[in-house]
Amino acid sequence: MDSSLFQLLDYGVYGTAILVMLIGLYGALVKKSLLKVVIGLSVMESGLNLLIVALGYLKGGTAPIFSDGFLNGTNKVMVDPVPQALVLTAIVIGFGVTAVALSLVIRLYRHHGTLNIDEIKNLKW
Amino acid sequence: MKKVIVFLLLATLGVYLAITFFNIGFGDPHFVNGVKDFYLKETVENLHVSNTVTSIVVNFRGFDTLGEVTVLFLAVTALGSILYKKRHEVGARSVLFSSSSVVTAGSKLLFPAVILLGVYVFIHGHLSPGGGFQGGVIIATGFLLMLLAYENYSVSHTWLSIVESLAGITFAGVGLLGFMNGGTFLQNFLPTGVLNNLFSGGVIPIIYIAVGFKVAAELTGVIYTVLHEKGVK
Amino acid sequence: MVGTPVLFVAIPLLAAFLIPLLGMIWKELVRIVPGLVLIYLMVLSVNLLNHVLVNGPIVEVIAGWAPPFGINLVFSAFSGFLVTLMVFLGLIVWIYSYRFKRNVGFEPAKKYFLLLMMLVTGAVGIVLTGDIFNMFVFIEITGISGYALTAFYTGRDSAEASFKYLMLGSIASTLLLLAIMILYSQLGTLNMAEIATKIHTVKPAYKVISLILFITALGIEAEIFPLNGWAPDAYAEAPGPVGAAFAGIVVKASVYAIIRYIYTIFDISGAYDFLIIIGMVTLIIAEFAAIRQEKLKRMLAYSSIGQMGLVLVAFGFGTKEGVFAALFLMLNHAIIKSLLFLSGSYLVYNSKDKTIAEVNGMHKFLPITSFLFALGAFAIVGLPPFAGFWSKLSVLTAAADSHMLFVMSLILMVSVVELVYYLRVVNRIYFFKKEESVEAKKPTFNALIAMLVLGALILVIGFYPDVITGVIHKASADLMDKTKYINDVLSIKQ
Amino acid sequence: METFSIIFAIFLGGAVLTYFAGKLSSVVQDILFLATVLVPTYLFFSGVSIGSSMPFSLEGISLLWGVNHFGWLFSLIVLGLGSLAAVYSVGYMKGKERRGYFYLNFVLSVMSMLGIVISQDLISFFIFWEIMTWSSYLMVIYSGNDVQRIGIKYFVFSAIGAYAMLMAIVIVHSVTHTFFIEDMIQAYGQMSLQLQIWIPILFLLAFAVKAAMMPLHVWAPGAYSNAPMAYTSLFSGALSKMGVYGMVIILVTMVNRLPQGILFREVLAWLGGITAAMGTLWAIKQDDAKKLLAYSSVAQLGYIIVGVSIGTELAMMAGLFLAVMHALFKGTLFMVVGAIEKQTGTTNFTEVTGLIRKMPWTFFAALMGIIALAGIPPLGGFIGKWMLYESLITSDHYLLVILIFFSSTAAFLYCYKFLFGFFLGQEEKEWAHVKEAPATMVVPMVLMGIFMVVLGTFPGIVLNPINNGLMDLGYVDSYKHLWETSIIFNSWGDHVILQPILYSIMGIFIFFLIFVLWKGYKGTRYVTTKDISSSGEVPKEDENLTFSVGFMQPFMRAVAPVMRRQMDKYYTGFANGLEGLFDFVRRIYTGNAQTYAVYVVVFIVIVLLFKDVLF
Amino acid sequence: MIYFVLIAFLLLLMIAAAIYSISQKDLLYATLATGIISLVLSILFYLLQAPDVALTEAAIGVALTTIIFLITIRNTVRFENDEDNFKSEVK
């Protein structure tokens, strides 16, 4: 096993998470379709969730569940459970927000007949 | 032009974020004396819950979970409010695809199993991975299956909201009971039992079951509401 | 002791879950129950505030875990003051909207009052909580209620406004989570007081980046200038009373969050100057944009943004006088801007485009509403002897004490701009000929009561500010005393 | 000091009651209104002794109300003119709409002006100042004409002034940590030179706006002529004097202590002189009596500013005496215009003529006012002007004397126009039905006319309080020295007692007045305007041949180059530019949700890039 | 080594799916790509010792979110550009 490869992996998880976040944000900022914007936002949230869970990871740690095997075993390192709990909350909240966003998309489509964000700007200045 | 600007901006932002997180480091302990050690210790020793994530979500940070359930509840309410139509405007619900008899029969067969799985997941939330959210979502997917397979399958809105309300009241009520018994909101007032037993963890399973029902009802409500919306040009 | 802070969250949540059931029993209950809850919270907050002013802050732990481990709620003079203000405004908005748009059906009414109550609860939770992730949850509760209330009317534009709000809100919550996680990764705790004790051990690079992310995320809700694109649309398209709730409750909570981070949690002194800069920019841009608005509520929205900028400037002085001025300004702004939104929405009740031109000559048909709008306009530009004057005076005094003469002169110049656009509207109400096409709508009795209460408060505070300044002094002293906050929270034992 | 509280309680309560009494009956409203103004006036002059004070505190700020001699002098103007104008208003407002609104704001104006003169601390001073501003603003827009332009202009200028003052107040507070005027004056000596210069400038900006000094006068003509005349008499007579009041205090307590070489007073005096000259020229050009008097007010305040900013004892006395006289005669003249407006419906010279027989008492008041305004010997205006010239010459401001002399000579032109245009000349058939104004309007006017005569003969009635007031401000007791002896002594090298001369001039004047009125009334012949022919041509009916048409064309041509530049245009251009900027600014909000989101990213990136500078 | 390759593959897959979901004009495929992101994410969570989160993400991200996106697409339009939508309707 090459340790430098694992080194790369260290950067890889964070890098992927940030990259996915930014890709999602880019989609939300640039794409013209409202649905694409919502997709972008949800991609961004995925990246964020990965980032948070990765922050709580400990090398060689196990899942924070005290099964019988764990209690008898020798390895006592566990990954940080707090970020996992937070991500759990964040995922559910993110789902709620996405649902509301999609309902707004449907509403806007009902009124405008299009999802082009450039045409949906009656409110300005 | 705009794309290039946005790209450059995001690249700059990304560089800053990357530098920050690369410096933080992956997989190393970042801090000493964090609260997690306390959580890991207390979960086993006092709460007698095996799944630390569950104990955090339901007990240590139970307030967050209450808020989170509320967010879902509000999302359902918001959905209903945003997509509100007067009664005469409500049309038939949309169908994603017309399903063959294999699908319908399969769904019917699968539905009880899915529900059972969901119930299992949230009842064992404090012992194994999974819990109220996961179980609730699984139950909701069960209903989703039925909604997709059968054009005429419908869920009673009244029952959904009754289940949802009762589950919510159970959660808040258990919290208030703790408030009355032990002095603080959401405090455990039941015996915690033996580690790795089904009946352990004090109020945690009760709350998680309530959460499970609530999430199931809410998510079913979300799907149901959205399905009933047909785009009108 | 009459109760504990957790009831501010528990009771409304319980009621929220109950309301769908109660609605099946008697339809009117969905309107009444949120009001009863708000009345209860009002009584509770006044009692607790009285208690806190004498005996010092109440720190309540949840689930029986002492502060660094469990979530805790802090009801101190500072947070208690804001909570009381928010609950009061929520109550006023409830009274006002009890029969607002009577023609809406049962289902929308149920959702409206439920969401309104949760909006208040979320904001109160933001203020009370002592845990940064819990604050995120409450921000989301407030946010979702806000999105739904913005899109409450079934018209075309309200959904657009709501979508803008939601889009920026989602970005805000992402940034907020990032910031929380950066802090957590360094300190391993989410408790504000413990972070505050340990923050000096964090490397400046992490500290600064997480502060920037916090300010950006919370600034979106607090309507700081480049981040407030959603605000005018949301204010203008939401139902009138909801606009009042946004101005009086949601924004206040977000400003509280920013202030808590800068004053208590972080120890970065440059943040104060940064507050002054962004506050001034917000103030100037918003007031400039307001003067050329065609829609009444949009104008009020920009004015509200500007006032929040001024609040941030006052907080940015970092002195006790500055905090006092900012809190006083928040109080006055909450009362006065709510009055303007509430009366303004009757002035343009029946008009199609809600433009300023459509309020012409309304005073003959809506004498009391027009008078209250004019009173609010006079008060918000800071003319004595109305409430706004005292807060403006204290802001300026604080600025002068910090030797910020340039800031002071800019504030005064912008005040002239503000004066012009408010007077233009008041002149239109009183001296212009009424548009034939617009039919005036008499305010209902309960709406009138709500507006009159606010109007009376403006006069009372204007003539005798001492009724409220004692509390504000204590609240500002409470915010300034960081070590006391930390001790109060961390001294709780299991 | 209980009386202060009672007085202000009556004012406030009475104002509100009066407003709502309109719902009951108009007579009750009138009576309540009169009581609200007159009772506190009586209480003030009977119950408040000079030197009494009332300390209290509000919002943790210690405040102090009190009366000194100087304030008492101005309270005399405010309450005296206020009472008379109140009586006049009852007649003037009969049958007009928005009576409650008028009465409310009238009372608030009087109250706030009284408040200004009794405030011994800066906060109550500012509060009353602002109440005065908005109540007068509400009066300016009373008629609803052109409110968005005239009203807003007035308020914007006032607000700029007031905010400058507020800035000065808080700067002072940051140094002294109290708001007492006394403390400010004491601490002023220890401030840095920069503050010592800026604080008076900021204060004077506020006062100069209210006193309508060039170049901040552009609001005045519109505002004065747009307000109801019953109020304008108070507005021009008393309210503008509040600017003078403040100016005197600042000049005496601050500017006097500035180091040599700072030409504060000179600049102010010259601005005052230019105001006087330009105001006079513009007044001559007007065809509308309201506008004419408005510009004339601007000009007269210019004299007063010259007087108080020169700042010698004599000049100060002259300025204050002129201020009192201006309150009297400009109050009277605006009342006269109000009476004419009420009876004929117009105030244009080219339309109304020959009212002398129809409205003899009004004519008497107008005559007195005009004589006083023009500064012709027997009435008070003369004495004031005399003292002003005297003081300017003794302090070596020769150029300024020429300017003042020019403008007061030119003032004759508009005085003449005013008197002749309305009252003399041929009677038009159109105005045959016009009757004298009702008694409630005539009595105050005539009373004020008589006051002016009395003051012209016995100037000591006013000069004594002025002298006391000046002593309060730190001047030496100069009344005897300056007035009873020196003026005459200095000018002619002899010691002559002035008083007997005044008596005799007055006697002759009254004799001639009675003679002319009596004789003139009998011995004139009735002719109409069109009762003439020139070059064998008889004018047509619709030709306007009133005396005032094209009045003083040659003179106006001569001064045309001076008048071409209007301050107003510059301000309007500036305001339009600003509106353009505002319109540009609001386009930041493009309406596109993605743009807003990009703003968020831009914000973060900018802050991140500059994080080392910012944090 | 397999562990490494697996993780690297998943990370690359996630990035690819993200790019695909953003750049794809057909919203149906874009939505499916977000489903793939969630699926990969769920596996990654499992590998990062977070089974609870993995379960939640699998249920919510893969199933529910994708389904409501699909329903929304069904109720509105399928393509990002209005022209494509027009074409698909004509067919």
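Letters are used for the chains, namely A, B, C, D and E, taken in the order the chains are written, and counting of residues starts over at 1 for each.
Everything that follows uses one rule, which is that contacts are C-beta pairs under 8 Å (C-beta built on N, C-alpha and C of every residue); 3 or more make two chains touch, one makes a residue touch a chain.
Since this is a predicted model, take the numbers as computed values, not measurements.
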Neighbour overlap between chain D and chain E returns A, B
Pick the pair with more C-beta contacts: B-D or A-C?
A-C
Give me the ID of the chain with the smallest distance between its Cα centroid and the all-protein Cα centroid.
C
Can you work out the whole-Å distance between the CA centroids of chain A and chain B?
16
Just give me the whole-number Å value for how far the CA centre of chain A lies from that of chain E.
12
Note: chain D sits from chain C at a C-alpha centroid distance in Å of 44
For chain B versus chain C, what separation do you get between their C-alpha means, in angstrom?
30
Numbers and ranges of chain B residues touching at least 2 other chains
2, 6, 10, 13, 16-17, 24, 30, 34-36, 39, 51, 53, 61, 64, 68, 71, 74-75, 78, 82, 129, 133, 222, 226, 229, 231
Touching at least 2 other chains, the residues of chain A are 9, 13, 19, 21, 25-26, 28-30, 37, 51, 54-55, 57, 63-65, 78, 80, 82, 84, 86, 88-89, 92-93, 95-97, 99-100, 102, 104-107, 109, 121-123, 125
Multi-chain contacts only, two chains or more: what residues does chain D have there?
586, 589, 591, 593-594, 597-598, 601-602, 604, 608
Set of all touching chain pairs, with the criterion as stated earlier:
A-B, A-C, A-D, A-E, B-C, B-D, B-E, C-D
Per the touch rule, the chain D residues reaching chain C in their complex are 58-60, 123, 126-127, 130-131, 133-134, 141, 144, 147-148, 151-152, 155-156, 159-160, 163-164, 166-167, 170-171, 173-174, 579, 581-583, 585-586, 588-589, 591, 593-597, 599-600, 602-604, 607-608, 611, 614-615
Chain B partner contacts - residues on chain D that touch it in the complex
598, 601-602, 604-605, 608-609
Residue numbers of chain A touching chain B in their complex, please.
9-11, 13-15, 18-19, 21-22, 25-26, 29-30, 51, 54-55, 57-59, 63-68, 71, 78, 80-82, 84-86, 88-89, 92-93, 95-97, 99-100, 102-104, 106-107, 109-110, 113
Contacts from chain B onto chain A in the complex sit at residues 2-3, 6-7, 10-11, 13-14, 17-18, 21-22, 24-30, 34-36, 39-40, 43-44, 50-53, 56-57, 61, 64-65, 68, 71-72, 74-75, 78-79, 82-83, 128-129, 133, 195-196, 215, 222, 225-226, 229, 231-233
Could you list, by residue number, the parts of chain C that touch chain A in their complex?
133, 137, 140, 143-144, 147-148, 151, 155-157, 159-164, 166-167, 169-171, 173-174, 177-178, 180-181, 184-185, 188, 190, 232-233, 236-237, 289, 292-293
